[in-house]
């Protein structure tokens, strides 16, 4: 069930049978010579939409702009500052908690978001903790590649050159879903360098074409399909387990 | 050209021929018994995608959560506080300006966003104004119904019961684009009441089914198509005019 | 009744008979070759003081610095950023609501304030909306020129060259109240140009003497008196209607 | 010279002969059974206006709402939070510095403002200090009762029962300037108690009629006139000295 | 009792017999040619640790970075902005109040902190004041040199050249506690100049070696011991009195 | 070299031979029945002080209050909100960068800090990234247990019951350094439970005595000494490597 294609009374009905929701969250940032700028928010969105075909889950709109300051040296990247990001997560969460959602899962597509998402969770919980009251809801962050079985499949498909940014697995996922937008380029070197992440100009000096440690040339739509199908099944299971999780007295 | 389906080097190329970009911006909020929660961000997104088929324009990802505090009494609504909203617009704009965009048009689908968007513009310009320097870029807010000819067409189609929220014109646009998600309900009264907008519980007391002044039953996918086609043509023209606008000395 | 010339116990008495208060709000900014820097806050203050002679209304101190970033290219302008402006409105309102005021009217003298005032209202209401409780008070923004009959009178007095900034009507109001501070200058061109509002240096390039679309030479103290008298009468009526407005269950 | 009764070009002229400006700053808060709510902002405003008759000084609009959280238990008090207060002082100062003012004096009428004003000065200076550059302007806070000779005169006039809030000297100043708004009440006890300042309900429990340590009954308009005349002369001198103060290399 | 060397259950026990806690607070900033960068936070820490040997008091961890923007022109200084400082004090206080502490004393070692600490107190109290409820706890700021008898002793020891920064009394305190870190230098002039405090580069131009009005050469470890012993005794008394202070109805 | 026991000119000298500094950072929070509240900030401080005996490194004052909202259900815990934490890290870093430090290592003692520290780094880098300039300095976060060899040694010492909070290794470190503050208690169960981290009341319900997955009874001062000695050696190496790391063009 896609929240944005539903009416408010349909959501009211859904809340009678479930208090769980999943939010695809990512980033809009350069993904090397052939990766799409939307890769990181499209991957969790694609997986959520596939999962929604299989189970009675509710998918929120996509949180599509993340913390991507290090990619600002490449055209098309859009980034929030961490403090803006935190404020936005606070508001999304307060809105959903207001309606009675008790288990809020963020399915994440961008490693650079992790710290800011977790900081946001702490910011939200802190209000209850300072006040000495229960929050009444729980949040969880899951990277799509950490869904059950997905990392294993990716390693099997891409034993070398998976890397950390513009990976063949994420590019495969977008190739599967947006076949008309598959791009081609020569990669040199075949596997991109690795290194620390700092400000945008430092990043561009270290990673001239935007990739980090990856060889995206290994991506195919078929591999993308396999990844999405597995991830979607695992997501349905993860949401069920999260929804069933008991909260201690 | 859709930014999120492009690579960074394609955007770099685009910037050599144009410095203009359009951002669909809306809200995710209740739209009465039959309106979709995503109506306000989907309408400008639909129009931008139609326009992108007709002209060499660049469409950013959709800013899909807006200022909808007054709708929080209805399940599924997600709202930013105005100050969060402003911070996010500041970051989107600074990101785009960083890449060299000089004309940034927000195509808006939610009346409740207008004040916060304009406040955000002032917040951004103020930095330059306090520092005594030129901004180097210009922002513009256009509601999709204010695109050339659109209001006139909507009035012609819906001479009564257009209203201010969950209007037949916005519902028609989503019916055209998301035909599989058309919902039906009885409306009582046929035309919803009008009144001031305050906090969420006040809103729900005044507008029990969520509509304001509208009779959405008049919407059809065909009317939606006509609105989208006209709006898309007008958007291409508006972007061209905005892009050509000279900046004084 | 002027709040600042009252004691706390007089306000406590007032609250037993009325829960309504009006706050003059404006800006301190350039107003062309002859307009006073205080024009935009003095106009609503003048009108409130005139109204206070006619009815049992309560006038708060004047909120005299507004959102005027675009005028910072002209000496004497003082501006708040929108986020500062919002924080201040939040605090004024929380203070007044704390005392039991339930209808808080901002009588505004500066178009550039509108977005920030409305964003502030939403910021305030949002706290109640997220918490799922009633606010307990209502805010309203009225521009003094939108008081009943005032725009009509201004159009009659100044059929051409009224413009949007440093208008003959606002200058007439200050001429009436501050006759000793009437200034004279040659205007060239007689009617100032129009255009968009952006950062301060852009503004000064477009509007070299500070006026927008206006011919302030038409202002006279007599016209100012007529405007003030009408506006004051309308304000008393508007406050009564706002005070009487029922809040839904 | 009153800034708000001047045009921008008059301020531009003034800046050619002086870079100094004074801002009356106070608070709008309860002042006991007979003190006016506006006392704390009206006192510095009255003194500035008297000074402006005597010397070529420039008086900004009055910063009329201060940090008065402890008085919120009494009707009519309006308070900013310290962080809002700081943000506002930052904006006022950046605006004035933008025009070339180099010596900005805040003439203060409220003891409760002192910490927040000084914190604001540090907030402003910190930007330059972190950046390793000169600020280009200096700020100074002077309480009106600390102007040369004023405390001495007040002690002479009111050897006992001067107190710390709703003092006979500040009430005398407003009686002189607003003779039509003189209020009368019985005070019991004659001299109000003293004690620490905490939150509003604690304050009201300690100081039931709002006074702290004072016997305002000693105030007369004549004493107010003497205080204003002395303070105005001292202010002109203080502004001259501040303006002449050299800034080290 | 040192909080950081205690377990949570020991603190729980302590709260059964006392609701009072003291927080050493200072700054890390240059202290002239021989003063240690940690002087301002080490002094209150030293005194608290001495006091803790004498009475059943509870000492929190040291708040060691303060508002020292004006010292940033000298290597090793670390400063918070006032608004960061306020946010941190808010969080410390909310944490302690959450556990039931009702009397929270900040023993301060840096004059430059005073405004920001008091602004923070007001920020905290304001939440209760706007909400119309009691805070439930009280905060107090005491500079260590204002503890009973300490200023008098310092004046007796250092009748001239005590000054305002890098004073012989604070340097003596650190010499007593950190005898292995005593530094030597020639001072020229013997007594440093005085003047206003502005941004860091202005400060360094006025006070080339970092001292303000002081002759630190007079410090000895023995004088430090006498100051610490007196201050510790006075602190124990002050905490007892603060703890015993009744809160009005 | 300990910064706080140095003078500003000693730091100036240090900067001529090195641009690297280490900041011990932790948290003040409950650590189970026997762990000290200061454990998480004392551990990195202890290791830094040991390292400082071995190499020419510079140790900043300890950042002693971290992000510990989940521990607020236990007396003595003090926590910053993530946004306060970020603001503080920004200010510390801007201060140090101002003096010329180019490599800033945070040696961390609290897992709950990681997200907020990394978010703070991104907040700092983002300013440079938006502005399109180099930062001029690099930050790095290292948990003390991740220093070379330390995790391995801890696993060897504590093959079971190491856990995630109130671990025997961190308690051993404090036992070694603060032998007089060793506490004893019975643990039941011997190994504490594991689970997710949410708000404080949820935490206390899941982890009744405060431990997470650990058996702290295995700690001894001797094991602590071995951990500290190894960690100190590894820290000196890590600082050298970080200092030598070249920054790309």
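Each chain gets a letter, A, B, C, D, E and F, in the order it is written, and its residues are counted from 1.
Note that in this section a contact is a pair of C-beta atoms (placed from the backbone, for glycine too) under 8 Å apart; a residue touches a chain by one contact, two chains touch by 3 or more.
What you see is a predicted model, and the numbers here were worked out from it, not measured in a lab.
J.: If you apply the touch rule, which chains end up adjacent to both subunit A and subunit F?
T.: B, E
J.: What is the graph distance from subunit C to subunit E, where chains are linked when they touch?
T.: Each step joins two touching chains, and the minimum needed here is 1.
J.: So which chain is farthest from subunit C, going by the mean of the CA atoms in each chain?
T.: F
J.: Can you report the angle of the rotation that maps subunit B onto subunit C, using C-alpha atoms only, to the nearest 5 degrees?
T.: Value: 180 degrees, nearest 5.
J.: Taking each chain's centre as the mean position of its Cα atoms, how many Å separate subunit B from subunit D?
T.: Here subunit B and subunit D have centroids separated by 47 Å.
J.: What are the residues of subunit F that contact at least two other chains?
T.: Within subunit F, residues 72, 79, 81, 83, 95, 98, 129-130, 132 contact more than one other chain.
J.: Classify the inter-chain contact topology: is it line, ring, star, complete, or other?
T.: Topology of the interface graph: other, matching no listed pattern.
J.: What pairs of chains are touching here?
T.: Taking the chains two at a time, the touching pairs are A-B, A-C, A-E, A-F, B-C, B-D, B-F, C-D, C-E, D-E, D-F, E-F.
J.: Under the definition above, what is the set of subunit F residues touching subunit B in their complex?
T.: Counting only subunit F, the residues touching subunit B are 129-130, 132.
J.: Spell out the residues on subunit F that touch subunit E in their complex, using ranges where they run on.
T.: Interface residues on the subunit F side: 3-12, 15, 28, 30-38, 41-42, 60-65, 72, 74-81, 83-84, 87-88, 90-92, 95-96, 98-100, 178, 181, 183, 185, 210.
J.: Name, in rising order, each residue of subunit C that touches subunit B in their complex.
T.: Within the complex, subunit C touches subunit B at residues 67, 69-70, 72-73, 79, 81-83, 86, 112, 114-120, 122-123, 125-126, 128-130, 132-135, 138, 140, 196, 198-202, 205-206, 247-249.
J.: Subunit C touches which residues of subunit A in the complex?
T.: 94-95, 98
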